[in-house]
Amino acid sequence: MSLLDPAERSRVGGQNQSELLGAPAPAPRTLLEASWRDYVFGEVWTRSGLDRRSRFLISIASATCEGARLDVLDGYIRGALTLGELTLAELREAALHFAVYGGWSRAVGLDTAVTRVANALGLPPADYSPIRDEPWDPKQRLAEGDANFKAVMVMPAPPPVTPYFEGGILNFVFGEMWMRPGLDQRARRWVTLTCVADSGATTPIRSHTYAAMASGNATLPEMQEFVLHYGIHGSWPKASVMQATVLEMGKRVANGLPFE
Amino acid sequence: MSLLDPAERSRVGGQNQSELLGAPAPAPRTLLEASWRDYVFGEVWTRSGLDRRSRFLISIASATCEGARLDVLDGYIRGALTLGELTLAELREAALHFAVYGGWSRAVGLDTAVTRVANALGLPPADYSPIRDEPWDPKQRLAEGDANFKAVMVMPAPPPVTPYFEGGILNFVFGEMWMRPGLDQRARRWVTLTCVADSGATTPIRSHTYAAMASGNATLPEMQEFVLHYGIHGSWPKASVMQATVLEMGKRVANGLPFE
Amino acid sequence: MSLLDPAERSRVGGQNQSELLGAPAPAPRTLLEASWRDYVFGEVWTRSGLDRRSRFLISIASATCEGARLDVLDGYIRGALTLGELTLAELREAALHFAVYGGWSRAVGLDTAVTRVANALGLPPADYSPIRDEPWDPKQRLAEGDANFKAVMVMPAPPPVTPYFEGGILNFVFGEMWMRPGLDQRARRWVTLTCVADSGATTPIRSHTYAAMASGNATLPEMQEFVLHYGIHGSWPKASVMQATVLEMGKRVANGLPFE
C-alpha cells in the first residue's frame, strides 16, 4: 500500500473510516469531512507503532473530553465494539476511569453514548463488579491506596493530609478504582494520558507520562505515536505539551532515574 | 451513620442523590451510575467541612464548564431550588458571574438550563437589577473599578493600560459585576474558583485562591474541602493544581503576607 | 454615539446584536441576556481597533472551543454570512483550520453548524480544493512543510524526529493546511490564536502570539483588542494569559528580537 498518491490515500482512508466507525462512510460533502477521510483515517490511523485497541481508547477518551458531537463519539464506540477491540464491559470500566481523570460530569456523556450504541447494536447489558462489596477498615483502605499508588505510579504516594489526598487520591482513585479487574492497566493508561493531556495540568501530565513508561505499560516509540494520535483528536497545541514531556520523561526512564 | 459498610454507603448515597437532585434516583444501571451513588453522593457530598449551598455552586459551575450533559446540570439546579439552597434570582446572578470567569458562550448553557428547570417547576421569572441604570462618568467608573478590585482581591488593581484591563477588568468585571447586590461575595467566590480551576491559567488560579482566604470569604479547611468537591466534578488533574495552590496560599495568608 | 448613558448603551447594543447575529434580537428575559446586549454587543463589539471580520472569526472559533450552545455559534455564522464578512467557502476552510488547532472532534461542531445555517439561508454548497491533488515525494513534502513553517511562524521549524513533528506538524499542518488558498493568512491567525488561547499550552501561546505580529498579520494594538474580544467569549482567566503574552511578545517584535 502506498500513500504517496492522493487518490490512493482517499481510497484507503474511506475504507478505514467505514471499518473503524462500524458503518459505511458517506462521500465527503465538505473540506473537513475530506480531511477526516484523507488525513485522519488515511494517514494517521494507518500508521504502525500503536495498536488499534489503544487508538480507540485514545480517540474515545479525547472525543469525550472535547464534548464532541455525539456522532463522532458514537462512531468510535460502534467501531470498537463491532471490531471486537473493546467489549461493552470494558467500555463501562473506561467510563468510570474517565470520570476520575476527566470529571464525573463529562463521563456521563461517554456512559450515555455507550448505552445508546449498545442498544442500537442490540447488546445485552454488561455486568459489573460493585464499587466495593466488603466492609472496610479505614486504615487498611488507606494502606491499600498507598500501596496501589506506588505500584501504578512507580513513585511514592502523597501523605493523606488533605481531603483531596485522603478521600480522593488514596481512598478512591488508587484504593478502589485503578485495581478493578474489568480493564487492564495498559488500557487505563491511555484513558489517563488522554485526560491529563486535555487538562493541561503540568504535574499530572509529567507524572503519568513517566509512570506509563516506567511501569512498562507503554514503550517510548508507542508514546511518540500517542502524541500524534492524541493531537488529531485533542488538538495540536495540547499535543505539543505531551511531545515535550514524552521526550523528557523518555530520557528519565531510559536512564533509570526516579520521577522528579 | 457509618460509611464503613458498602451497603450502607449505597443506601445513604441513593438517599442523598434523590434529595440533592430533587427527584427520586433510579437504581444504577451501569458502573458509572453506581459510582455517582456510592462515591459522589455517598462519600463526597456527605462530608462535613463545606456547606451544601457552596457545594451546589461548585457543582453547578463545574458542570457548566465541562459542557455537562444537560441532565447533570439540570439535576443540580432543580435540587438547589427545591431545597432552598439557591433562589432563582441568585442563579441568574450566578450565570452572569459565570459569564465573566467561564466565558459568555458557555454561560448561555447555564442560563438556559435555569430557565428550563424553573419552567418545569412552575416558578415565576426572577426580577433583576439592570446592568447599570444611571449615566456614568468614565473616570469615575474606572475609579470605582479600581477600588472594588482592591476590596475583592485584597491586592492592588492593574493600571488601565490595555483594552482588557480598562474595558474588561476595571470597567465591567469589578466596576459593574462583582458588586451587584443579588448574590453574596462568598457565593461569587465559589463560581470564580471553579472557573479559574477549569481554565488552568496560573495567575488567576493563584490570585483568586489567595483572595478567597485573605478576604475572609473562605477558611483554609473549606478551601481544602473545595479541592475534593471540585475534583470529582472537574477532574482530578485540575484539582491537583488547586491542591498545590491552596497549600501555598494558605500559608501566605496565615502569615499575613501580600499576594505575590 | 455616546455610551455614557445606560439606555443608549442598551439601544446600540440591541441594534448591533440584531445586525451581527442576522436576526432581530428579542428583548432580554434574563440578566445574562441583558449583559449580552449591554456589554458584549453594546460595549465590546462597538470598539474600534479591530475589524468586524476578525471579531467574527474570533467569536466563531471561541464558541466552537467552548462547546457553546448551538444558537450562539449559529448566530455568529448567520451574521457573518449575511453581512458578507465571511463566505461559506471561507467558513469551510476555517473549520479545517480549527480542526488542527482545536482538534478534529470539536471541528465537527463548527462544520455542522455551518451546514445548518447555510441550509437555512438556502446557500448552495461551497466548492473546495482537495486536501492534495497531486502525487508527492515524501522528501519534498517535508521540505515544503519546513519552508512553510518558517514563512508562517517566522522562526526555524522543528526537525522531523517524532511522528508528531514529521507526520503532524511538517507533513500536514504546514505542508498541506496553512498554505491552502481558500482563506487568507490573517484570518487563519485569528482562528489559531483563539484555539491556542483556549488550549492553555504555554509554548504554542507564545510562539503564535510572536508570529502573529512578526509576520505582519496583526499589529500590537490589534492584538490588545483581540485579548478583550477573546476574553468575553473564552473567559477572563484565559484572556489574562494572552494579555501577559501579548505585552511580552509585542516588545520582542518591536525590538526586532527572534522568538525565544
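A, B and C are the chain letters, set down in written order, and residue numbers restart from 1 in every chain.
In this text, contacts are C-beta pairs under 8 Å (C-beta built on N, C-alpha and C of every residue); 3 or more make two chains touch, one makes a residue touch a chain.
Here the structure is a predicted model, which means the values were calculated and not measured.
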item	value
Interface sides of chain B and chain C: same vs different residues, half threshold	different
C-alpha-based rotation, chain A on chain B, 0 to 180 degrees, nearest 5	120
Computed distance of Cα centres, chain C from chain B, in Å	29
Touching two or more other chains - residue numbers and ranges from chain C	67, 200
Residues of chain C that touch chain A when the two form their complex	67, 92-93, 95-96, 99-112, 114-115, 125, 128, 130-138, 162-165, 167-169, 171-173, 176, 182, 195-196, 199-205
List of chain B residues in touch with chain A within their complex	4-6, 9, 29-36, 38-40, 43-44, 47, 49, 62-63, 66-69, 71-73, 200, 224-225, 227-228, 231-241, 243-244, 246-247
